[in-house]
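Sharing a structure, written as structure tokens. Questions coming.
Order of writing sets the labels: A, B, C and D. Residues in every chain begin at 1.
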Amino acid sequence: MDNSRCIHRVQYYETDRMAIVHHSNYIRWMEEARLDFMRNNGADCVDIEYRGVQIPVVSIDCRYKNSARFGDVAETEVRLTFFNGIRMCFSYRSFLQGTDIVLTEGTSEHCFIDENTHRPVNLRRRLPDVCDAIKKILTETDN
Amino acid sequence: MDNSRCIHRVQYYETDRMAIVHHSNYIRWMEEARLDFMRNNGADCVDIEYRGVQIPVVSIDCRYKNSARFGDVAETEVRLTFFNGIRMCFSYRSFLQGTDIVLTEGTSEHCFIDENTHRPVNLRRRLPDVCDAIKKILTETDN
Amino acid sequence: MDNSRCIHRVQYYETDRMAIVHHSNYIRWMEEARLDFMRNNGADCVDIEYRGVQIPVVSIDCRYKNSARFGDVAETEVRLTFFNGIRMCFSYRSFLQGTDIVLTEGTSEHCFIDENTHRPVNLRRRLPDVCDAIKKILTETDN
Amino acid sequence: MDNSRCIHRVQYYETDRMAIVHHSNYIRWMEEARLDFMRNNGADCVDIEYRGVQIPVVSIDCRYKNSARFGDVAETEVRLTFFNGIRMCFSYRSFLQGTDIVLTEGTSEHCFIDENTHRPVNLRRRLPDVCDAIKKILTETDN
């Protein structure tokens, strides 16, 4: 499994008047890291979307430990914690690059829906190859 | 014609590490003000979109005169400067509420496309009622 | 106590390719609603910030129940659930305007820091008038 | 001179309900590309900011030629077109990676201000080493 961290250089437009990254942007970094992680492990969400299945966020949480600033680079580590074809969960930890300083810890929960009906779909029936790829990630993850 | 200015309270997440509104957000305020202006004048872009016509931005420019800060309220005045069924242009001026202090001046140019083919459409043929409503705005505008 | 809901018209730039509001924007709406709620109840965060105290987010969570779309207006109801001068917690519920349809439910936890030292401050000692105003909100809240 | 293009993978949160990147995000990509370009050429804006000089945007414009979508990667090429210590101008062109397809063309104009007084500064007097580095970029640019 490819466990490489997602690298994100803090952008000026991501900072706020406290001169730190605005807390809402870490939620976006979680998405960026999740999409990278999936693509690196054979389950590209671009492909899934273009095959008619969308993956909305059902719930999200984030704890802010330390702040990133302009000039910093963040590294986010992603872990797939649950998947049964209907529901999928991830956990995230962001670090200041090259350090043990934790920026944020978070989780997200997702489902799968049809892009036209917006009804839930079971990935096992709808996209079995993708389902297998995600199951493989789960198996290889040391949970 | 309804010339009322679009009121926007500066949000914390719109500020950057200079403690002013990040310049990209004024581009978003222009969109917000344009949609308000259209809706107030009988050409609701929500309705146009849901009838299958999208209105992408072809070009945009903005000059930054003064900065808005957390706690400020901005007022944006919109003017329709051109419309021929195929192309539509607006100009914008944002003020600090209750003052003559100009925050930004800008313009935007738009076309109309079909939501499925993404090909340009002539609003006169596609949505004649909307075309008439926009022409009416242009006629009533003191350009 | 002023319990009025924070009104937010969905902006085009807040939608994503699922044609719904991107989930990160609800985190921003929580901030917008919280700042409105505080201002309406005599504890204006603009004033607090300009007196040298910042109120960073310590943790956040959000559950997504239904989706808002372009053309929708959201109403967010805010409740202060904890405050002791050092820590402050809120809960949020967003609705589609004029309906019982819940968009999101969330919570946020905050602390208070000095804008220069970035060290935690006790609001009771630093800004006693603000501390009293927030305590008053808590007392009047039916928790 | 380092002319390498700035690579940016389209993020899901950057798309809008037209399923293309929202036009305001290209303004942010211009900033990202400009900061990369400066850093790669010996004039790191992080360093300039932390030495007390801010570089606000005075004006911006952008023409939208083609749309980037989820799954695309954009490459932005930056050119320094003017610099005299007081004013600095750039032009930008974004491409779909690995193609000649132009996404956007734009320009930006900047000045230099003191972070405390917010008054304009002449970089020649305030940060002569940075001024020399930027002049060197201009000299090596084939305008």
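FYI, contacts are C-beta pairs under 8 Å (C-beta built on N, C-alpha and C of every residue); 3 or more make two chains touch, one makes a residue touch a chain.
Not measured: the values here are computed from a predicted model.
Ranking all chains by how far their C-alpha centres lie from the centre of chain A, first place goes to B. Looking at B-D and B-C, the interface holding more C-beta pairs in contact is that of B-D. Between chain B and chain C, the centres computed from C-alpha atoms are 28 Å apart. Rounded to a whole number, the gap between the C-alpha centres of chain B and chain D is 25 angstrom. Residues of chain D in contact with at least two other chains: 12-13, 17, 20, 24, 28, 31, 49, 70. Within the complex, the chain A residues that touch chain C are 17-18, 20, 23-25, 27-28, 31, 49, 54, 56-64, 67, 115.
On the side of chain A, the complex with chain D involves touching residues 11-13, 28, 31-32, 35, 45-46, 49-50, 70-71.
Chain D contributes residues 12-13, 15-17, 19-20, 22, 24, 69-70 to its touches with chain C in the complex.
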